[in-house]
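For reference, chains read A, B and C in written order, and residue numbers begin at 1 within each chain.
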Amino acid sequence: MTFDRVGTSLNRSSDSSPVPPTSNYNQSSPAQSDAAFSDASDKIHMVEIRTLKKSYALKPVLRGINLDVRQGERVALLGANGAGKTTLLRILACLTRPDRGTVFILGLDSVQQAQQVRALIGFVAHQPYLYPELTALENLLFFARMYAVKQGRERAVTLLQRVGLERRMHERVGTFSRGQVQRLAWARALLHSPRLLLLDEPDTGLDQQGHELVNALLTEHVEQSGSVLFTTHQLERVLPLAGRVVILGAGRVVFTGETANVDLDALQRTYQRATV
Amino acid sequence: MSTARTFLTQIAAILAKDIRSELRSKQTWISMGMFALLVLVIFNFAFDLRVDNKAAVVPGALWVAFIFASRRGLGRTIAAEQDGGSLDRLLLCPVDRKAIYLAKLLGNLLFIGVVEIVALPIFAALFDVPLFVGQLIPIVLLGTLGVATIGTLFSVMAAATRARELLLPLLVFPLIVPIVIAAVRATGSLLVPGGANEPPWLGLIIAFDIIFLSLATLLFQYVIEE
Amino acid sequence: MALAKRETRIEPQSTKAPPRAGVPVASLILGGLSFIGMMISIWMIFLYAPTEAVQGDVQRIFYFHVPMAWIGMLAFGIVAVGGIGYLIKKDERWDWVARAAAESGAVFITLAIILGSIWGKQTWGTWWTWDPKLTAVLVLWFMYIAYLMLRSYMGRSTSSAYAGAVLAIVGVIDVPIIYMSVQWWRTLHPGPEVANGDLPASVVLTLMVALVTFTLFYSFLMVQLYNLQKLQAQAQRLRAHVEYGLED
C-alpha cells in the first residue's frame, strides 16, 4: 500500500536516515521534543507565526494566528472554506503581507527579508504558476534562472523525469492536461530545493499515480529535513500524511495536536465543531 | 553568484520569456504596426502635407503615430502576466522588483522600437522627407525610452482597475508632455535646422529619461506588491 | 489571483488617544480667520484696489485667480508630500492628507483655470493661450483628474494609497520640467502672455492679502476634508466590525 512508508514512519523515530533526528512524530511532551534537537540550527523553527492578522475587502480573514512548524515536520491545515487557509499560505509564500503580527521562516522575517525567504519556499497552489505559452522545459529553465539554481538545465531535466513529464518537455504547457500541469507545478516548486513546502489542497485532481508521486516527493522532502504545510478538506488523508494537525476556524487556530495522539472520530468531531 | 549578476540574469530571463511569449502570441506587433501606419495615413489626409508646410507638421505626425501605437503596446507585457495567471508567478520568485520593472521596460522598448524601425522608412517614403539624418536614431530611441519609462510604471497601476483602457492614457499623456515637445522639435530641426537659439531638446530628453528612469525603478516595488 | 480588487486593509489603530468630543479648535480658528480675511479681501479687491486703466473692473478677477492658482499648485505638492509620508511611515493618516489635498486642490485649480479663462477672454479676446504657465497648469489639472480617478477606481486600500503616492511623486517632479519645456517651445513662437509689469503697491498689497486669505481658507478646508477622510476610514472599520465581528 502506498501509505505504508508514510504510515509506519509515524510509529518509529526517523533514525533510519544518517542525519541526526530533527523531529519526532511521537513526542507527547515539549521536553522530549527539545531533547531531540541535537544542534543549534535545529532549534530554529521552520515557521514561527505570532498574532498574524490579515483582512481582505473589509473582512478579517486571519484574526490572530499563532503557529509553529518545526524542521522536518508535516503539518496539515484543516478548515472550512474562508477560514483563512489559503491566505495563510500566501502570506508564508510572501505573496501578500500581513496586516499585523510577525512571520519568521528559519529565523528570517517574511516582510523585511522577503527575498531571502522566497528562496526557501516552494508553493504548489490552486494556480500552477506556469506560463502556458512556454514549453515545460522552458518554464523550468525560466524559474531556475529566477531562483539562481545551480546547473539549472540538469536540475530541470531531472525533475521532469522525476514527475514523469520528460516525454512532453518540449511541448507547450497550454496543451497539458490538468494532472500534467499539476506535476509540472510540483517540479517548479521543488526546483530550488526549498526548505518549506506549502501545498494548497495537493490531493485535488490527482489520479492514483499522481497520489503516489506526491507521497514519494513529500517523503523525500522531509527526509532532507524540509517541512511541509498543506491544506486539505479530506480528513481521512490527514492522519497518514501529517505529523500534526491544525484546524482553523473563523481566522483562528482552534485546535492543534499530533496525529499520533488523536483518532479520526475525535478529529472529525472537533472539525465539525470548529467549522460550524 | 553575486547579487549584481543575479540581478542582470533575472532581467535577461524575464525579458527572454516575454519576447518568447509575444512571438508565440503574435498579436501585439502586428496590431501596433498597423495602427502606426493607419495614423500616418490619416495624418496625410488630415493635414494635406504639401511641400511647403511639410517640415512643420511631419515630425508631429510621426510622434503622434509613435505615441498612440506605443499606447497599445505599453500595457501588453503586464497584461499578459495577469491574463495568464497573475503577476504572482513572478512575485513568488526571489527576484528584485526593480529587476521586474527593468525587464518589462526593456520589453516594451523592444516592441515599440520594432514598430518604429518599420514605420520610419515607410514614413520617409510616404511623405518624401529626408528623415535619416543626423541624430534621428538617438532622438527616437531616447524619446521612446521616456514614454516607455512612464508607461511601464503606470501600466501596472492602471491594470489593477476596471477602467484599464481609459486610465492608462490619462495617467501617461500628461506626464510625457516634455518628451512630446522635445522629440517633435528635435525631429523637426533635423528637417529644418534651427537657428542658434534652438534649445537643447535632446539634452532635455536625456535629463527626463535619467530622472524618471531612476524614480520609476525605485517606486515600482510599491505598485506591484500586494 | 488577479490584481483587480477593492480590498481594504484594516489599519492599526492610531496610537494617539481618541480625540475628546468637544471643541474643534483648529477648525474654529482657521474658519474664523478665513472669514475675517475674506471680508477684508473682498473689501480690498472691490473697493481698495485701483481700477486698471486698460482692462477695467474685469481685472479684479486677477485677485481671485492668482491665489487660487498658487494654492492649486501648492496642494499638489502636499499630495506628493502625503504620498512620500505614506510610503515611508505606512500610516494611513498621511494618505488622508494626500486625498484631502487632492480633492481641494483639484477644485482650486479648476476654478483658477475657469477664472483665468474668463479674464483672458475679456482682456485679450481669447479663452485660451498656450503660454508656459497656462499649459503647465492645464497639465496639472489633468494630473489631478488622473489622481482622483485612480484613487476612486482603486478604492480604499493600501495598494490604492501606494498608487496615488507614486503618481503624485512622479507628477510633482514632472510639472517643473513641463513648464520648462513649454517655455523653451514658446520662446520660439512667442504668443500672448500673462505679463505682469510693474504693479502699483496697492495692487501688490491686495494680492498679498488675498493670497493669505485664500491660504487660510484652504487650510480650513483641508482640516475639514482630513476629518472627513478619518471619519470615512473609521466608518469602514466599524462596518467591518459589525459585519464580521471584532478582530480579536
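Worth a mention:
Rule of thumb we're sticking to: a residue touches a chain if its C-beta (ideal position, glycine included) is under 8 Å from a C-beta of that chain, and two chains touch if they have at least 3 such contacts.
Please read all numbers here as calculations on a predicted model, not as lab measurements.
If each chain is drawn as a node and touching chains are joined, the picture has every node linked to every other. Legend note: the chain whose CA centroid lies nearest the centroid of all displayed protein CA atoms is B. Taking the mean of C-alpha positions as each chain's centre, the chain lying farthest from the centre of subunit C is A. Interface comparison, B-C versus A-C: the higher number of contacting C-beta pairs is recorded for B-C.
Remark: subunit A and subunit B have CA centroids separated by 42 Å (rounded to whole angstrom). Between subunit B and subunit C the centroid-to-centroid distance comes to 31 Å (mean Cα coordinates, whole Å). Separating the CA-averaged centres of subunit A and subunit C is a span of 51 Å. In subunit C, the residues that reach two or more other chains under the touch definition are 1, 5. For subunit A, residues that reach two or more other chains under the stated contact definition are 95, 127. Among the residues of subunit B, those in touch with two or more other chains are 86, 88, 226. Those residues of subunit A that touch subunit C in the shared complex are 53, 55-60, 63-64, 90, 95, 99-100, 127, 250. Of all residues in subunit C, those touching subunit A in their complex are 1, 5-12, 236, 239-240, 243-245, 247-248. Across the interface of their complex, subunit B is touched by residues 93-97, 115-116, 118-119, 121, 123, 127-134, 138, 142-143, 145-148, 172 of subunit A.
Residues 1-5, 87, 135, 139, 142-143, 145-146, 149-150, 153-154, 159, 162-163, 165-167, 169-171, 173-174, 177-178, 180-182, 184-185, 187-188 of subunit C touch subunit B in their complex. Considering their complex, residues 82, 86-88, 150, 153-154, 156-163, 167, 170-171, 173-175, 177-178, 181-182, 185, 194, 197-199, 201, 204, 207-208, 211-212, 215-216, 219, 222-223, 226 of subunit B touch subunit C.
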